[in-house]
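By written order: A, B, C and D. Residues from 1 in each chain.
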Amino acid sequence: MALFLEQLLNGLTVGSVYAVVALGYTMVYGVLRLINFAHGELFMLGAYLGFTLLVATGLGGALPLGLALLLLLLVVMGAVALLGLVIERVAYRPLRRANRLTAVVSALGVSIFLQNGAMLLWGPRYRAYPAWALPEVRWTVAGLHLSLMQVVILAVALVLMVGLYLLIQKTMLGTAIRATAIDHDTARLMGINVDRIIQFIFFIGPALGAAAGVLLGLYYRQVHFTMGWIYGLKAFTAAILGGIGNIPGAMIGGLLLGILEMLGAGYLSAAWKDAFVFMILILLLILRPTGLLGERVAEKV
Amino acid sequence: MRPRGAGAFAAAWVVTWLLAVLLAGAVGAQEPIRIGLQAPITGPWAYEGEMARNSVEIVKDQINARGGVLGRPIEIVLGDDQGNPRQSALVAQRMVAAGVVAVIGTYGSSINEAASTIYERAGVVNIAYGATAVQLTERGWRYFFRTCFRDDRQGAFFAQLVNEMLGASRVAILHDNTTFARGLAEAARASLAAEGLAELVFYDAVTPGERDFTPILSRMRARAPEVVYYTGYYPEAALIARQMRDLGIDALFVGGNAAINDEFVEIAGLEVASGALMTQEPLPTDLPYPEAQAFLEEYVRRHGQPPSSPWPVYAADALLVLAAAIEATGSTESEILAEFIRGPLAIQGITGPIAFDSRGDREGAIYLAYQVGPDGGLQPYEP
Amino acid sequence: MNLLELRGVRKRFGGLQAVRDVTLEVRRGTITSLIGPNGAGKTTLFNLITGIYRPDVGSIRFQGEELVGLRPHQVVQRGIARTFQTVRLFTNLTCLENVLAGQHCRSQAGLWASILRTGRQRAEEARVREVAQACLELVGLEAAAHELAASLPYGDRKRLEIARALATQPTLLILDEPAGGLNESESHALMELILQIRASGVTVLLIEHDMRVVMGISDEVAVLDQGRIIARGTPSDVQNAPQVIEAYLGRPGEEALI
Amino acid sequence: MGVSDGRLASDARLAGAGSQVEGPARALLMAALVAAGGALPLVLSDYWLDVAIFWGIYALLGLSLNLIVGEVGLFNMGHTAFFAIGAYGTVLLNQAWGLSLWLLMPLSGLLAAAAGYGLSRPIIHLRGDYLLVATIGLNEILRVTLVNNPWGLTGGPNGLILLDQFTVLGRRLDDPAAFYYLVWGVVGLVVWALLRLQHSRIGRAWNCVREDEVAAEAMGIDVRQAKLLAFVLGAGLAGAAGTLYAAKMVVVSPESFTFMEAVILFAIVVLGGLGSIPGVLVGSAAMMVLPEVLRDFAQYRMLFFGAAMALMMVFRPQGLWPSRRWSRQLTGEREP
């Protein structure tokens, strides 16, 4: 039982990172019907930037660690968000009226570009986050192992998710975003500046991705330029699992994917883990063709 | 497509030619000897490619500083195969078209296979540095050699270690599904089964890049192994060793030759790392040759840290072999070079004396068990 | 003789009983109009007939054969073709290609025949194109055969959709608000076209709001309100039926509530 | 009379795909192209011939995927799975029974088509991006299986080796020139067949499904069957291409069938122009030849490649050689 709970906890930790990254996919999709394949790379860049800032500034020395990490998180989020805006402007906006797949391939091109850019900037080796960035604190509660890092990740992810949810559901801006997601033209008629909304989405999404990148860097302590490709695919899968375009869906999808992975590795075979996860995904899609919380498509005829 | 491609190609020629002229002017107005290096310069294995390139560059510079080979400088022609078989085949054709004397490379057995087929047909000597699959030398190739050792040798040594030195009866093997790690794991499994003494109680793979291995380790714990052999790379190895301790698994941790280095000790922590074993060819630091020491010092001087896997050093060795062969035969003919390399050799490589058997495999795989000492340094293991 | 017979057809969507117990006959060779206020369930009824939805209860028989359980393309094969309220053309295909789609179910050429262009395939292709051409000519779009459907003006699109439906060589043609959005002269042309279609032996069932069209060409009118047929008969019968007036205008007592 | 005129006009227009070349001029152009293609081995180095061979193989794969993505509009980003089944099937069947590669090419095609049928049947009804992820999943499942070497069948990460080769009258076709003719011969045959298919009732039905599934169904097209046919046919073609690939590479290993390769195939179809056969040829040239041209940039090469991919899309959103049917960009098309 303790083992099961432990797997569950591990799954939740990784899953909450997936969930935060998946939010970026699902938000962009909701508003633009675009699978932003470059999103995973923004996540990776977040991890690298966090690494560089930590090493270069030695943040922990000057400030209390918690504050330093918060500052780090904010700076990285801001920087990657700006990059997100640039990418939107250069690679997606010219294609907004084009076929959907056109933008997908453009996104894939951007993804390859960023991946190789990171390889050139930071080198092809695995880079390690400094060990002092987060002290190795572990607790054992009722036979359950729990590390400080897991708590931090879960807490930060939770704050980000709740914050986003409130933003979308409770603010005027959120209402405008939801309106834009439903129909650009109608939103425009309602006086919403659709371009602004799209830019905002491309600001928030990458910022979330970057935050997840820093968290993962702190947790796993290592970054590599290919991680965006791998985690991006996982997060995208999570978004689909939950029903793409649906924000709570992305959160649930991410957590579920993390848990499935850990259970697959823990009870079946680690070598077959990814096959197991995708098998479950496909089965689920056969039963629920639009994911867990995806809109049921009852087409008006 | 043709005019544009040919144009770019021609441009490349001109650039290379200009560089060659400049270099030649510096070393003595001699046409350089061009040797190919095929490696994953981009793609997920780019770090292996980069390290191989760095290593080969060091040896090249050393040789050229001594006046080159046959009085001619060595020039390295780089080919990026991205760790992709298709690209590998294209690089091989490109190397052949460029008329290189011989090729060093590449990383990954199946990637190498695609290229070696082409080198063999074109008759170009190629020396692999990171392709350990047994099957590569089973096809009777004349021009293929490798400075790295085959999986089965290290696998057999591990079985020997378990049976003769450790006397353990329950063994777990973990790999990371990369070509090399899986090959070594399978070889170790086969050797264990052949000797029939110790029982393999657990066999699974982790995913490289992941950091939380508790699920798989918890499952392993239930099988109560006495020895855990991890055949992958050090970043995962260190975490596995540490998480084993966290989970209360007190089995002996044994790493393959890519698993344990200074970073392993650093990430795992001294208290976890010390006592861990690794199967390994003699370490450069233990080799009595000044070349090995000089090479490592030079590598650290140029790049800040030593190579993090064993393969780049084999790439450097491959260049040493080629230089020695050209020097000794006075020829750049593939046939003569292949003949010479296959014959009795006495080359002091960075990884020890180098010689090849009739199939092109490196002879004299001396494996040792090293143990992480209380100070974090590696020392030969004595039971 | 009845071409189409609906018996006790019901359909519920979640909490909404869209069609409650509809019984309806369409006689061969007639133009039958289905009218009723918005949300009465007319389009749902069409979707039930054409197999897009499956009724919860009830039977739909066409030429004596049960249609319930058939998929839409099978219904088309049986001889029922339709148009959509919101025109649904293949916008990136040419007009001719759109109409050719209608002939799909009337031709057989398989994979190998299509690749090898067998004699039979070529003959079939020639016949198919002839039919398509004829349908285009019928609606007066032969000149636009190689234009993209998307480039047509709205009225032409509606006519193209009718041509496409006719190309399936139906026995019964179902038109969902064919006059919607048309101007007066276009409506007139449409009425002519529908009469012409009937004359060619095709039975027509249509939903229409434009009463001039309904009254001008219908042989029979059925009125649907809140998922029920409330009146049936000739145009003039229906026009004067009190329940119809009530359905359209509301009961005298209810008006106060609004 | 009028009918046959219509067909001729339509054929010329469709085959020209945007260009205004007609009748004899077109025949002349085709003849010139074929002659130029046939003469290439005389002027190209073995290296560039190999590039052309891979271009041909990826053109085949692109053509097969175009059936699925371009003609019917099904988002399939796991197409390498069928390619892999064909390649592994070729090696395994050759090892087991020593079947000739000439026989194995259609046989691998059938094998992959059967797999395509079995795997796509349960998921074919998924919409757009859901299907995309399901196909990515299929490809990953297959790749993991190949790596894990079940029952010692797939050789794990090292893969399998094909010792046999295409032979004609006892001569092995393993020199680049011969293989070049073989591959492009197959490409020619497939293009010929697909052009005919495109202008047949089946091709038209596919396009209708792509444009509007509901309307297609309401016009008497069995949408499900049309989708399955395209998927199975595409999978089968990819499987046959797998035989060529295995023969060319000699070694068949999981690294050849990664998600990245599936992405490259997908990009070939979109980059060339969805539903456009000449587009696929141009798109595969871009994806195969461009990285080779960029080799001189060493470690910067993939950086430029990625940028080029994005820029090509930005500047030619309709594709490098768009099909007339899609040249009009879909404005505001939003899948529900």
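Everything that follows uses one rule, which is that contacts are C-beta pairs under 8 Å (C-beta built on N, C-alpha and C of every residue); 3 or more make two chains touch, one makes a residue touch a chain.
Model, not experiment: these values are computed from the prediction.
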| item | value |
| --- | --- |
| Interchain contact steps from subunit B to subunit C (minimum; 1 if touching) | 2 |
| Farthest chain relative to subunit B (centres taken as mean CA coordinates) | C |
| Between C-D and A-D, the pair joined by more C-beta contacts | A-D |
| Intercentroid distance (Cα basis), subunit D paired with subunit A, Å | 32 |
| Chain centre separation in whole Å, for subunit C relative to subunit A (CA means) | 48 |
| Cα-centroid distance, subunit C relative to subunit D, in whole angstrom | 40 |
| Centre-of-Cα separation between subunit D and subunit B, whole angstrom | 36 |
| For subunit B, residues contacting two or more additional chains | 42, 46, 50, 177, 205 |
| Sites on subunit C at which at least two other chains make contact | 52, 84 |
| Contacts with two or more other chains, residues of subunit D listed in rising order | 147-148, 214, 299, 302, 326, 330 |
| Of all residues in subunit A, those that touch subunit B in their complex | 3, 6-7, 10, 13-14, 116, 119, 123-126, 128, 138, 145, 219-222, 224-227, 230, 262-263, 265-267, 269-271, 273-274 |
| Subunit D to subunit A touching residues, read off their complex | 69, 75, 122-123, 125-130, 132-134, 136-138, 140-141, 144-145, 147-148, 214, 259-260, 263, 266-267, 270-271, 274, 299-300, 302-303, 305-314, 317-319, 326, 329-336 |
| Touch list for subunit D against partner subunit B, complex | 40, 43-52, 54-55, 147-148, 156-159, 161, 174, 176, 248-251, 253-256, 261, 285, 289, 291-293, 295-296, 298-299, 301-302 |
| Subunit A partner contacts - residues on subunit B that touch it in the complex | 42, 44, 46-47, 49-50, 177, 204-207, 209-216, 218-219, 235, 246, 263, 267, 308 |
| Complex contact set, residues of subunit D against subunit C | 2-4, 6-7, 9-10, 13, 193, 196-197, 200-205, 207-208, 211-212, 214-223, 229, 233, 325-326, 328, 330 |
